[in-house]
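Okay, so chain A shows up in both of these, paired with chain B first and chain C after.
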Partner chain A sequence: MDSAQNAEAMTAPHGRQGGKIDIGVAGGGHFIAGFLIGAAALTAASLALLGIDWVRLAGRAGDIGLIFWRMAHFTLDHVDFTLLSFMDTFSIMVLATVYSLFLGLAFGLLAARNVAGPVIAPVVKAVFTFLRAVPTPVWVLLTLVCFGFGPVAGITGLSVHTVAFFTKSFAQAFEDVPEDTVDALRALGATRLQIIACGILPSAVTQLIAWTALRFEINFSECAILGMVGAGGIGFAISAAIQNYDYGEAGLAVFLVFLFAFCMERGFLYVKKIMK
Partner chain B sequence: MMNRQELYVCRTMAGILLLSFLIATYYTGFDPMAVLLHLGEAWTFLTEDFLPPRFQFTPVILESLAVTVALAISSASVAAVLAAGAAVLGSELLSPSKALAAAVRGTATFLRNIPTLVWAFILFSSLGVGTGVGFTALVITSFAFMTRTFIEVIDEIPAGVVESLTAVGASFWERIFQCVFPSCITGFISWYLYCLEVNIRSSTIVGMVGGGGIGMVLLSYLKAFKYAEASGIILMIAVIVILVDRLTDFLRKKAAE
Partner chain C sequence: MQEPLLRFDDVSKVYRNGVQGLSHVSFSVEAGEFVAVIGPSGAGKSTLLRSINRLQDITSGRVLIRGEDISRESGRKLRAMRAGIGMIFQNYNLVYRLSVMQNVLHGRLGYMSSWRGMLGLYSEEDREKAAALLEEIQMGDFLNARAADLSGGQKQRVGIARAFMQEPELLLCDEPIASLDPSSAKIIMDMLSAMTKRRHMACLVNLHQIDAAKTYAGRIIGLRRGTVVFDGPPEALTDAAVETIYGVPASELAMKECVS
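On to the complex of A and B.
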């Protein structure tokens, strides 16, 4: 969930690479001290508001160990159901991400200032900012009401948030294409379509791949929890097994989720290393 | 341009993707055209039942909103403090032992690759529902996420800096507090803020399955077919998420200055 965020968020520590440790920078130091104090105060206020019964929570911590112990002993009584549910989750993830990729490319072009112009781009961006602000499971709950139970609801619900995500990040990638590239093509008499196909898309392609890989990881974990809010898939298998106190079955399902997420993360890390 | 190895990787990835897509389409029988045909019905449903949104600012709703935000803030902060400690032990540059570093990284990878809601479900079954359990579930994934990113930030420190401090006789604690934390704090803060953004969304969802907060209110409205009220809540969630995103963006830029 983090790797591609690197680009924007990690600019800070890069400034420090001269081998010098600039600790007492006047403005920065004050800001950081203020920030830390503010965060601590907010945290204290939040904890006071929540009023969690820590003693009771700590008293039952031993139960967690017991649950894990039971979950670590996989049972295979309903393994066919677990595997089919996993297949549902996998399919929904793949289909939602692939279809959103194409829609995201189209809307990303419309949201990029250097492609769609200064009027359309901000409007498209604003619409998708709203769509992105609502969490995926909420969208899935809405599509469940619209389309009824089944993969269609899962795919469309997951797609809403995914398209919004791709639109934002792709638009950013397109806007990062140097002005000169676009100007040079325009000066040569290229049409708008040619500028997009031969200038903008090829220059942004590595970023597009990075964002897509990131979204596959996010969508898998989103998809794995859909079952818990009422859609199908592995999340439903996990919550149903836990509610039936069938911890061995739940453990197997959780392990499947972990294994797939882990392999995907490793795979993309490997690809990233080679593409660098 | 791409070399042969890169081209090979790209082709393999495209192949896997195409194969997965075909399998998934066959398995679910999903037809995008069918969705387009149903879009009209969905649209009438949305415009008739969900619009106009009905906003209610009752004490219960305002308190649930506050609980959701408080869950996100407190879990991110507690997790950040824990993660800063774990990152020192997990970074190969600083850790007292290689084995310990590997163990910390492995644990973080395991915790991180299981979604927050799955943790919430496991904890609910052993601890019962409530904000305390929602808090714990959020802390687990935030901790694992920040441990990994904090380690990455620490690894950005040029190795020579720590080495030179060791050479002049600085103790472990001096190295941490005089060198590592001061040079990493802006990186830590920017990841903490990112985690806060993610947690606002996650705490809404954890609320739905029993963690308390606005998610629970939303789910109860949807289950009672009170769609206009539900869309009011959805808009409130969206406004809060956008506000938090704006605020964290601002603070992140400020911290990087």
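On to the complex of A and C.
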């Protein structure tokens, strides 16, 4: 077998190949080849399953430019509706993230092994792993059934996924706090709550801020999509405008989304810079 | 007969993986004693110190603080006993994002109600005491500096101030100078020695450096494989005694220290 010989050569102490010294990890070459072959096979299978009509696709490609051209010519006929929808999206994002932040802090502590102990922490983690595995739009659809169409369903549905996200990332941040720090506070007679408030939270605060900023960004883009499943906001405005072939209106809404997302990212970068 | 400040009564510790940390250790320490604990790595020096304030539990025997067995206590009583025992660590173990003052004031947490401590509601008296302590260790200019921004020697001084803030009767120092350069190490040892003497505080110091142990300690305990193999004044620590503790001739040990 050729590959067996290859493996032998690679695990040899000074694996020379073609006169050059092999600098990779011994036996590491097969993984990448396997990955590429696997990816190719899956791509072929997916294309076959979807049955994409390539001829029609090529025929329509020219329209993309035309649509963008139309969208670039903003129309202001329904600008009040667009702006109101945008404010809806903004409010949903802020409320969902802030509510989840508090819940995430509480559950994050319960999911951190060095805070809640080796029994409770894995159970809490498992519950939230399940919640996180279900995508946000599905949660929103489920909450739509309970609360009806509108922002309440959006906030609740988005919060489920956000709490699960915060629980996992905050628990990780708490677990990264060195055991030494906790030991020192235990040794001087601090209570469990004092150790959390005086040792664990201050040590983890930079990471908590970074995760919250990231989630604000994710939640904004999630919000933009959620409108399309009926949770209100800018997503609804975009899909309604496109359905009416009102490309100028849709273009304005998309531009607003882009502008806000861009400003938010710059803003958080600045915050991170001052936090060091 | 009055109980000594600290008494180990036939203490043994077996780790879950079967390693014997301490085996039948018995000794006692009186108020005001400065004791150095020496021994090779893995001899049980850290285990010894950490079983006093219950950062580690012992397997059998008793650790008595003024006659009370701390190894059986839990909850409120354990915290009250811990509050009376200060500890200084090799890696300082501060909360690095907080200020020097906040770190020093942590020394009062064991004496405060849980919520007052959580909210950082330290009394004015405690604040003044913390500032005075920092003045005493020449850190008066750094009250509001972030602990992360200090040098190693400065961090260890904050660790000392935090421990003294507890007004403990007993101070435990786990390799306090192992991460420091020689001049910082000397400053720290001088401070520990002078400050404990002034307050008539008992001090138990784990050390790697035999020279430092001989210079500062009034008494030396030598550990080897979890057993006390030497217990006496520094004058009695002969080359033969050093060989029993470290398992290699003292001359060879000196050579190694020079090289490293």
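Quick notes on this one:
Definition applied: the second predicted complex is superposed on the first by the 247 of 276 C-alpha atoms of A that agree within 3 Å, B and C clash if a C-alpha of one lies under 4 Å from a C-alpha of the other, contacts with A are read in each partner's own complex, and residues count from 1 in each chain.
Just so we're on the same page, a contact is a pair of C-beta atoms (placed from the backbone, for glycine too) under 8 Å apart; a residue touches a chain by one contact, two chains touch by 3 or more.
None of these values were measured; they are calculated from a predicted model.
By the touch criterion defined above, A:Asp180 lies against chain C but remains apart from chain B after alignment on the C-alpha atoms of chain A. Of the two partner chains placed by the overlay, only chain C lies in contact with A:Cys198; chain B stays clear of it. Residue contacts after overlaying the shared chain place A:Gly189 against chain C, while chain B stays out of touching range.
Look at A:Ala41: by the touch rule set out above, it reaches neither chain B nor chain C. For chain A, the partner with contacts to more residues, out of chain B and chain C, is B. For the contact definition in use here, the chain B contact set and the chain C contact set of chain A share no residue. Within the complex formed with chain A, the chain C residues making contact are 53, 55, 79-83, 85-87, 89, 91, 93-98, 102, 106-107, 109-112, 114-115, 117-120, 159, 162-163, 166.
Residue ranges of chain A in contact with chain C, taken from their complex: 178, 180-181, 183-191, 193-194, 196-199, 202-203, 205-206. Interface of chain B with chain A (complex): residues 5-6, 9, 13, 17, 20-21, 23-25, 27-28, 30, 32, 34-35, 38, 41-42, 45-46, 50, 66-67, 69-71, 73-74, 77-78, 109-110, 113-118, 121-123, 125-128, 130-133, 135-136, 145, 148-149, 152-153, 156-158, 160-161, 179, 182-187, 189-192, 194, 198, 201-202, 204-205, 208-209, 218-219, 222, 227, 234, 237-239, 241-242, 245, 251-252, 254-257.
The part of chain A that touches chain B in the complex is made up of residues 1-2, 5-6, 9-17, 19, 21, 23, 27-28, 31-32, 35, 39-40, 42-43, 45-47, 49-54, 56-57, 60, 63-64, 66-68, 71, 87-88, 90-92, 94-95, 98-99, 129-130, 133-135, 137-138, 141-143, 145-147, 151-152, 155-156, 221-222, 224-225, 228-229, 235, 238-239, 242-243, 250, 254, 257-258, 261-262, 265, 271, 274-275.
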